[in-house]
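To start, the structure itself, in structure tokens.
Note that the chains take the letters A, B, C and D in the order they are written out, and that residue 1 is the start of every chain.
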């Protein structure tokens, strides 16, 4: 059957695309919209590398069909920095060396931002459980958790 | 005369002899002399042998100097993060 | 301006926590990894894989697939020339291409579930998927064998009828699944054990575990009609990829250009080729670019995990704790083709200790599993886990503090290593002392909690390295390295370049060059890239400084001894200082053309003098006696870095290795059914640690300078995964009173053991 | 592959009833999309029920709660009144997958995926929840324990969908709890799951209870014997031992990659006891 014609908002921009029913939002972002910041690590919702915000809700874009997102608001890693200025999380991930290979970093950052928007003062345990769906094989999570908590503290000070 | 010791399976190519006293001034010379003594060992020397001269391991170097009082060990190369055999 | 100096090299940037030059791209999603490359007109490639663990391939009919609209090429074994059975240097790695070509694409037989038997290139992923279903492969299914010990039994299903055990005299007349027997001997074992008051012998089993990099293998390849080829791929060594691909496709090395993408983790698993030769062969046929990306299931089923193994260790000690003799027998799974890391396993087993009489024998065994690939300190964690467990048991039996016992027997400068040569300056004692000084070591524990300690060793390597430094017109510096940056390499190398040339860190732009831009580089592995790369940069910088001094002499009509290079400028000395002003690198850059042309240097070295790195880990855990689940409560790593070029990324290596070790010890394993098929080929049931599984990982950077490196650097990447298995097993013993000799120590195993002792009550 | 997102239950039912080939309902998609990727299912029609208002609503009804089949775990968690009334049901739904999966996964999907290890199902069964189904023949209510017949086998007829769940009114001094065992702290499929829902009288004696076990049989079990074992008790040691014995007796698990038969039975007993004690504590203070 014919492809679906979808209109949605990605990082504030109106986008239009065509997709097959079986194509996931991740396929659409990476292959159709050429936004390769969201990564595919497992395509089964187990690694979190494809994390995006869908209408303000943190989801794995590999578990969303492209044809489901008509009229909806999507935010990806590409929209995290505000113009010239990095998001405080991005800045602190750099300062704390909270990334090594960097493949999980976009997903971890999108998920961390979602956490801080709901909880400006998370405990270490809350950060660890919130990020349990974001696998990182390089860092052992230590510097990631430190960077998130340090960012939260700084943002609270404003 | 440098003291040369074979580690691991190389001794099987020298009829079990594991220690030699050889007067050589470089790894290249050492390999040549061993190959003269035991032709069968030649191929293995080109094929992934590391040399430890006075405690310092050289993964692959024909030109490292060997002093008369040096202690030299021949051991398998360590490929490390790469494929190990 | 220099704050510190090691081995005569002043440092102001080295040793500081700079922001990595490639960092912004990685936090904004801009960095391009393996699957992020695309070319106009590209096709999508897909591999058809064997559903059987062991089967003769009777026939492959691709006609239906080829007839499907949108299919542009189909390849099988027929598209790859056979290779002779000989070990050939591929770059620096020795490979038996007879096996490499068969692992890339099955020939006579499929040797493991997931073994590639054909591949297609089509206009879309969906078409490629349909095409694979249309390929008709006739298999003659054969009996399979998964476990190495079973594979060693006479009468076990034979994988290769031309595989005769190497290393046994006389050479066997019958083929077997044992590829190799290796031994190291030292002293007189019998006599050694005579001196022992206490002898402990135990057998251990470890499960195969996967490197678990989050980025699946990916490659994009294009071959032109004239035989020139380009490959973009995620690899730890693009020069190695080039060598393999040229060999397998019969291309000139010079005609193959490989660009390494940003790499999403490797840990040794991306040192070999899987998709690259297939993508090239498909592109050659289709005359269009071909992109291939593995699914996570393919990564687990068809790329290399590390060996599972059976290890028997026997150690003898005097009643006052001196180790007098030790033997070990190692049986390592190689997967479907020979080449397990049993060799380093044998050499590392007793390396941390000063033992007079040692005998270790190892077997390299093939079975119907994916061919193993290197995984962080290949082979070492397995044999050292067994040894560290026995060492702990000796400490208990002799009632000696486990750190004191290790200290008493620790290898130190001048100790004859179990594998032969004497150690130079090493830091094992320092790491033991560091751990003992932590507050962690003396913190109180409750019931069902236990503390474990273990040490670990890895050789580290150097190897062929080529790096270029170019001074640009404005005085900024371009740094080109040829080893993929897998965890902060560019930050470390840029720091060294900045200090060597006396330019600000942010004026150095480091990139990873393709295979056309530099001389041969061995891969990122063996904990070598920062060690060797920094040595090559020192060499390249030396050339630049000499050139600038020579130019200054000409401009100032001075003699060489009247000038010197320091703090980023050529300075006139003595009387000359009256009439000449110092010239900075930027000053020279402005007049480069007038004074002889572009300014630059190329470091071309085969780095020697890699210093071993020792580490000691300390872990607390708690066991739930009713469910057998262990929770890691606290963790401390102390390791000798020689000199930490970038402390934050060195800590990162310690922390990441420790957590990989936690996964290996507690939950990770390949689970096979009786049908020889992998049952947990996904992140759901292959259980790597998640953020909520682990605590903060405290680190202690021990620095015992490596005298053979200009900055005293030792490789740090691999040693951190060696101690965790033993440390956690020892902590489990202290928590439960039970010695676990089989990994992973997963809840069902632990609860069973507790029940047998009647301990499964809170 | 056809995709439809009807706005009414009738529309969804008509599409599914009229489907010729394999048709699948899409709620959160956290199982369906994975199975499509893995080539386990290849439906010709996908019916997305998230555009149907009543599958997305949480409403009070007859003193109890009606929860739409397509309400996500994250939405349940953010509903304080529901969380207070049925903490066990909400915590069970919140154990399904990661934070990301929580943003999508639904109890309707969790039930209709037909897995004996589904986390929310034992909690719903213990709660005495009804599933409201709609099909070509109209609507009917079915106790949740009767919806799943076995692995991937449901009592739904062709064209029938689960529209919502009805949680009964809460008597005073009653509460529930759900515990599951996994090797890691997150992300795994339950090796064992135990849901307990109970009511105590003023003196702390259990007057009513329902116990349900997951991942220990081909379907999620309601275990009346386990409930009987504690009714009339204060959940003292002997009652706890009777409870554990009843739970053990009910288990008919398999050996698989996630756990052995012996392990599942042992842990089922432990979790049932622990869940009961948590529920008791909550009931006393509710």
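Everything below uses one rule, namely that contacts are C-beta pairs under 8 Å (C-beta built on N, C-alpha and C of every residue); 3 or more make two chains touch, one makes a residue touch a chain.
Keep in mind the model is a prediction, meaning the values are calculated, not measured.
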item: Pair with more cross-chain C-beta pairs in contact, given C-D and A-C; value: A-C
item: Approximate Å spacing (C-alpha centroids) for the pair chain C, chain D; value: 44
item: Cα-centroid distance, chain A relative to chain B, in whole angstrom; value: 54
item: CA centroid of chain B to CA centroid of chain D, Å; value: 68
item: Rounded Å distance between chain A and chain C, as computed from the means of their C-alpha atoms; value: 29
item: Residues within chain B bordering two or more other chains; value: none
item: Per-residue overlap in chain A, given as positions that touch at least 2 other chains; value: 20, 22, 43-44, 46, 129, 131-134
item: Numbers and ranges of chain D residues touching at least 2 other chains; value: 37-38, 185-187
item: Full enumeration of touching chain pairs; value: A-C, A-D, B-C, C-D
item: Chain C residues within the chain B interface of the complex; value: 87, 92-95, 166-167, 169, 180-185, 236-237, 240, 266-268, 271-272, 338-341, 343-344, 346-347, 364, 373-374, 376-379, 419-424, 458-463, 522-528, 606, 608-610, 708, 715, 717-718
item: Parts of chain B lying in touch with chain C, wherever the complex brings them together; value: 5, 7-9, 12, 18, 47-48, 52, 54-61, 64, 71, 73, 75-85
item: Contacting residues of chain D [partner chain A, same complex]; value: 1-3, 5, 26, 28-30, 33-34, 36-38, 46, 48, 50, 72, 74, 97-101, 103-104, 185-187
item: Contact footprint of chain A on chain C as seen in their complex; value: 17, 19-20, 22-24, 26-33, 35-36, 38, 126, 211-216, 262-267, 293, 295-296, 486-488, 646, 648-649, 651-652, 655-660, 682-684, 688-692, 694, 696-697
item: Residues of chain C defined as touching chain D within the complex; value: 295, 297, 626-629, 631, 666-667, 671, 679-680, 683-685, 687, 689-690, 692-693, 746-748, 751-752, 755, 760
